[in-house]
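Below you'll find a set of structures to go through.
The same subunit A turns up in both complexes below, where it pairs with subunit B and then with subunit C.
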Partner chain A sequence: MILFVLRRILMSVPTLIIVAVIIFCLVRALPGDAALMMLGGNIDDESTLEMMRHQLGLDQPLPVQFMAWLREIFSGNLGISVRTGQPVGELILDRFSVTATVVLLAMASALAVSIPAGLFAAHRHNTRADYAIVVATILKLSMPSFWVGLMLLVLFGAILGWLPTVGYVSVSQDFGLGVTYLILPVTSLALSEIAVMTRMMRAGSLEVMNRDYVTHARAKGLPERQVLWRHVFPNAFAPTLTMVGIALAGLLAGAAVTETVFTLPGLGKLLVDSIYGRDYPVLQGALLFIAAVYVVTNLLIDIAYSFFDPKVRLS
Partner chain B sequence: MGNTTTDPREPLLRIDDLEISFGSASVVRGVDLSLNEGEILALVGESGSGKSMIGRSILGLLPTPGRVSRGRIRFAGHEITAPSSPEELRLLRGRSIGLIFQEPLSSLNPTMRIGEQMFEAMRLHTDLSEAQIRDRAIEMLRQVRLDRPETLLNRYPHEFSGGMRQRIMIASVMMLKPRLLIADEPTTALDAVVQREVLDIMEDVARASGTAVILISHDLAVVARYADRIAVMEKGDLVETGATRTVLARPAHDYTRRLLAAAQLGTPSPVSGRPGAALLKVDNLSVDFAEKTFLGLFGKRVHHAVRDVSLTVAPGEFVGLVGESGSGKSTIGRAVCNLTPKAGGTVSFDGRDLDTCGAGEEQRLRRRIRVVFQDPFSSLNPRMRIGRIVREGLRHEPGLSAAERQKAAEDMLEAVGLSRDMAGRFPHALSGGQRQRVAIARALIAKPDLIIADEPVSALDVTIQAQILALLKRLQAEYGFACLFISHDLHIVEQLCARLYVLHKGRLVEEAPTPAIFAAPRHPYTRRLMSASPRLEQGDDGLQLAETELPEIGGAEADYYDATRPEDPYRLIDTGQGHHVALRSEERRAG
Partner chain C sequence: MNIRNKLLAPLLTATAIGLVSVAPAMAESVVRMALNADIRGTNPGVTRDGNTDIVHSQFVEGLVTYGENFEIIPMLAETYDISEDGLTYTFHLRHGVKFHNGEEMTAKEVEWSWNRLAGEESESHCKNYFNGKNGMKVVSAKALDDDTFEVKLETPFAVFLATIARFDCGSMGVLHPDSVNADGSWNTPIGTGPYMMGDHLPGRYVELKRFPDYASRDEPMNGLGGGKHAEVDTLHFDIVSEGAVTKTALLAGDLDLVPIDAMTATELKDKPGFKVDATQSAVWDTYLLSPLDPVLKDVRIRQAMAHAIDPQQIMAAITEGFGKASPSPVPPMSKNFTAVEAEYPAYDVDLAKSLMKEAGYNGEEIKILATRRNGAYYERALMAQAMLMDAGFNATLEVVEWGTQLEAYRTGEGYAMQSFTFSPRLQAGLSFEMFTGSEVRKAWQNPEAIALVNESLQTGDPERLQQIIDELSRRFNEDVPAIGLGHRMLFTGMSDRVEGFQDWGAGVLRGWMLRVAD
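And now, the complex of A and B:
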């Protein structure tokens, strides 16, 4: 197990280097001039511009720039934001903590709702309860998530005035206030995931429900609750777990739409801002960080698999 | 524990006028059955006869939307069909009525340890402590003859073979000492030797705890050995019940007679080849499977699936390749078709070595070899129509128009006993026997010289088995193909094959013309295979169960090569008339 994790982490190093090359090239391919941007956009003084470029290292050939960046990364230094002057690493972690709080809370609540709901729907297959759950998920799936977010804002923020609509306060600063800022974005994200995951869980359970070992569990006289949780759930969860992995990695990499709707200072927003500002160090750092998030999330999901399927040997 | 019957004359289980329906269609009609304490009843019928539904209804576990639409089931004072509460039924399940399923591969939960699966019902139904439950489980595993049971509890189902899983199943069900055990085709998925073992164990355990058994099966010959009484189902009706001996000797109903006839399979009529050079010649074939150990850091463990096997098939000859599962018989078939890489040896077809004759030549030769697989449910693409599946066998024949291909496919369907309009259907609309006919049609449409048939009838009901064998024989007479017939059942290969090769753990242990091997099997393994598949025979007083009496052989058992000890010296010696047998010592000769 430990060996497996170590090997996987080692294996991810070449992946990240390749990603770094791609990121570097893509960022340089962006139109626009970072030095010009920094100096406010309309400067005709060529020498000031030259000086700025030299200061940023932009006058060096690309390979040299890349190697310099890579060397910095390996020494743990992602550089300094061109726009704000903050260290990039700090900036990313700061923004990521916002995204991670929202996303992890949303995922946890989505799992807590959709697993029982999916199991229940499958258990009551073709009854009214099942139909109700299926119809509800289809309804949610057919609404765009930014629209649902906006409607939540309108209802609970503007009309009822129960919850704040703009801004963000970290729970570590003020817990009570922080929670009120989290409720709407978490609910909005969770609703989308619940819809997808409930359907996956229901489909997975329906397939398992007809297996001999489930009938056999009933034939042992086990109560229905035990049949569902001990025999159906572990076998039905694998497809949902795959989904969770993909969704989790995608959202941690920046729930850009949700962050924009709820004006959260998250990773997605950082990314968008640094693209507009040609903030190369932040952009490169954030993209590389996102790649690392994908690698780590996938590793965690692979480990989680081995708990649900003993046939999956970690090797 | 459990209620006792109030009336001593009341049987343990009584089924009156039972009707089971799915929607408006009834699958079981007017069935009356009763079972006494400790009695073993065999419930026999083809697939779809409703026998499994009766078993399920006794537990109140009919698959939806099935329901008992008439009649009643009484078990030890409980009204199963009209329980006072669902709880009453649930508490009977496991504790008083146990259930064992057909598929050992799917009836254990793959995500739970064996021990946990055995314990959970005990925890529910008894007040024993964890330690006591553990002891009982170990004791039970020992009773089903599993070695070192204490090491098994922490393992997962996929680590066991089918036979072992079914024994674990028996242990976990019988651990609660139920008064009634329903065994639904408990050994159909297993090969003959293992089947015999598992059923013997089940009978022992049931008799030891006085449990009554309903043994559901399609194979009369297999269950006849164990049953006190036999009940025969045909398409939802109970057509005959009676004591085993009486039903076998004097079957009253037509359908029973047909079932019995199928179980006898008839007189063997081996298909001998034409003289001349061998069509297929396999020399010293070896196939290895490598298994990486511990992350591949500490090398590989090599498993020798096939070791130094040589065999020949003459043109037009049926040759049997026999052995239990894991003996390497299917691997040989796959290696001949190049579906599995060889570790050594050569395969020649029609006098040409397939490895050295060049790619174009090899392809032309390989087109003359076709395969029929065991499982007709997975060997036909469910998204293709039957006509297209059969036509596909012709795709290497250039110069045929679409209409000609269509006609050839329909002709072929007719030749295998299906109607021409089947071509437009999808595989799911066909029964197992019909699908296997399609698979045969697909193989034969290109008029191959050799068919490799890998357990072509093992997945089918006995009555259908006989039909498919007869079909193969008829088609052989018409088309003249040779066949390498792979099977675990000696009695099936006896029907058609002129010569037999017996395999054990990748080694050839005996080779002989079929009549010779049946008259005087020499190798102990062959003898074990032979006694494992029971058949019905015509006796003085009607049909009776044949216990194969084997003639004594010369030489001690120790002289024969034992494949469970692979490091022993191995030598195949000729004992005359093409009868070869494997010995372990080089000097001594048996016989």
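And now, the complex of A and C:
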């Protein structure tokens, strides 16, 4: 397994270099003048604009700018934010810690609910319980996450007054207070994932339940609970695991909508702000980091496969 | 943070007993506000944008500043003299003004602060206002003694004081030299304002603390100057980019004072527990016409467009009836706004049609550019498109991201008309200068207008200035380089525990006027 992991890590290096080239080209292809954005749009003179371009290094030819960025990457530094003057690497890690906390809690909550719910719906196939679960998931899937987030804020923040509506305190700073700031965003993200994963789990379980080995398990007199958890769940979970991997990487890459609604200083919000502010170093650094997150998440999911599916060998 | 854990508190107490810190018994007063984006930094005049300038204005002050009607008034200067030839400005400093580190301000720090922003090595854009690149050149700026600071110009420039009062330069704010590190890099602002820099957690919040030793002027408060008697201990700004969230947080009691839109203002104004402030600002909402568009080269087409668009209807719609049209670039609160500036092309569709016919308009495309950014850019464009189409123009609307629109503005290309906004220019000549000149981004490239604008920036004679502004206003209506709409209404929603707030034309928050009810 170690060899497998090492090989995958080595393979990711050229991938990330290619991604870096693409990111640089795409960011520079964005319409709009970063220097003009920095000055707030209403410029009074060209010399000020030129001065800002010089400060941002935008007066250099593109290959020179690219090489300067590559040097920053290989030196372990992703540059300095032109908006805030903070080191990009530090900024990304700081924001990623917020996103990761919310996303991992949401994903864990979603799995804790959706796996039993999906198995239960499949087990009670074509009963009222199954229909109720299917309707609930469809209903949730048809609700925009922005709207759901706002409704949670209005209900639990403005109407009931139980939870804060703005700001963020990390759990390491103040555990009790930090938890109150996490409840709504985690719930909002988890609800979306529950809907998707419950459907996935239900579909996978239905397929497995018709297999001979499940019939055999029942025939030999195993209790239904054991049949479901020992024989159905491991085999039905593999497709859901793929979905978990994709969703996890996507969310870690930035749950921008959730972060915007709940004023979380996360990676997604950072990315959106850097696009609007044309903060090239942050934008490039964040995109490269996201690519790395995808690579690592996929690797972890591939490793996890081997635990659920004995047919999969890491070689 | 105002967390009201009505039901959650017992649960949290049970599960995290000993971990939840007991809230300190605070006598400290806090006003919680929202910024739609984080500040760019704490270095006045260097790291800046609109939000940042607002925060900086609480802790930094300059020699002069803007009064309520955009007149220049002394701030850290007790008085100032202007020599007969208009070349020498002598500032007599106030006594007893202290920096946030407790040291007393002298002309030595004023000189250091001037060089920090306007010196050759400065990384501030503000130096370009004084180094001759834009006409005005400062030949010397020095402390004559502890109480006197003198600036000499190469040629007279009437807008010198207005320029040093600019918000984007932090009013050429006076800071203590310890604001920078030994190597010259920026450390933290040590100003003279009624508030001091507190915590700044990037992406989360900014906090300012009341400066207990602030030396206030004796006069009543006036614009950004006059007496400042801060009562609130902490000004807390949360970073909240989404308007709907800001509104929810205000309703929840988690924020006390927030900018809102016209619709929310209508909703809140009669709601118990809340107050709304609606103030007309000097922010000019307009439709810029491209100087490069071949169809618009014909003045009759531009005039037809002006007659086809009704600013009254549009302003009433976008402000929910709170605002009214004021198409002149000169803001109504300016002392230079007279009956001449109040005039604008009448809404007359028949006249528009006859002008189109006379000009031989044959259905050529009039592309309107707009963005979905806050400030009703899109709504304004949509209504103008409908009105232009009603008059017979083939008006099309293209919605782009703000950066793309700014690029079009800078190059003058890619549009015939764009829904645009200019930030406040608090001197009447500058109100025209912002869109008049030979650069491609400038909509008004008429040489006579340019000459008049240049004169308006140099003359020190108030009567002559008014004559020039009136002449520019008349020509603006005839030449139609842009179609003015109005000066933006600024809406602020607040909890009724906040007292004393009043917005003003420049729209810069004055935290020192706030009070919190017991």
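We take it that the second predicted complex is superposed on the first by the 293 of 315 C-alpha atoms of A that agree within 3 Å, B and C clash if a C-alpha of one lies under 4 Å from a C-alpha of the other, contacts with A are read in each partner's own complex, and residues count from 1 in each chain.
Quick note on the criterion: a contact is a pair of C-beta atoms (placed from the backbone, for glycine too) under 8 Å apart; a residue touches a chain by one contact, two chains touch by 3 or more.
Not measured: the values here are computed from a predicted model.
Colleague: In the superposed model, which partner reaches more residues of subunit A, subunit B or subunit C?
Modeller: Touching more residues of subunit A than the other partner does is C.
Colleague: In the overlaid three-chain picture, which partner chain does A:T180 touch, first (subunit B) or second (subunit C), both, or neither?
Modeller: The answer is second: A:T180 touches subunit C but not subunit B.
Colleague: Go through the superposed model and pick first if A:M51 touches only subunit B, second if only subunit C, both, or neither.
Modeller: A:M51 contacts subunit C only, not subunit B.
Colleague: Once the structures are superposed on A, label A:Y131 by its partner contacts, choosing first (subunit B), second (subunit C), both or neither.
Modeller: In the superposition, A:Y131 contacts neither subunit B nor subunit C.
Colleague: What is the contact status of A:R83 with respect to subunit B (first) and subunit C (second): first, second, both, or neither?
Modeller: The second partner, subunit C, only.
Colleague: Pick one for A:W229: touches subunit B only (first), subunit C only (second), both, or neither.
Modeller: Touch partners of A:W229: none, neither subunit B nor subunit C.
Colleague: Which holds for A:Y276: it touches subunit B only (first), subunit C only (second), both, or neither?
Modeller: Once the two structures are laid over each other on A, A:Y276 reaches subunit C alone.
Colleague: On subunit A, which stretch or stretches are contacted by subunit B in one complex as well as by subunit C in the other?
Modeller: In the superposed arrangement, which is not itself an observed complex, subunit A uses no residue for both subunit B and subunit C.
Colleague: Touching residues of subunit B toward subunit A in the complex: what are they?
Modeller: 59, 61, 63-64, 90-95, 97-99, 101-103, 106-112, 120-121, 124-125, 156, 158, 292, 294-296
Colleague: Across the complex, what residues on subunit A touch subunit B?
Modeller: My answer: residues 3-4, 7, 125, 210-213, 215-223, 226, 230-231, 234-235, 308-311, 315.
Colleague: In their shared complex, at which residues does subunit A touch subunit C?
Modeller: Residue list for subunit A touching subunit C: 30-33, 36-48, 51-52, 55, 83-86, 91, 94-95, 150, 153-154, 157-158, 160-169, 174-177, 179-180, 260-263, 265, 269-270, 273, 276-278.
Colleague: Over in the complex, which subunit C residues touch subunit A? Could you list them?
Modeller: 1-8, 12, 16, 19-21, 34, 37-38, 40-41, 47-50, 123, 125, 128-129, 133-134, 168, 201-205, 238-242, 244-246, 248-249, 251-255, 400-404, 406-407, 409-410, 422-423, 433-434, 439, 441
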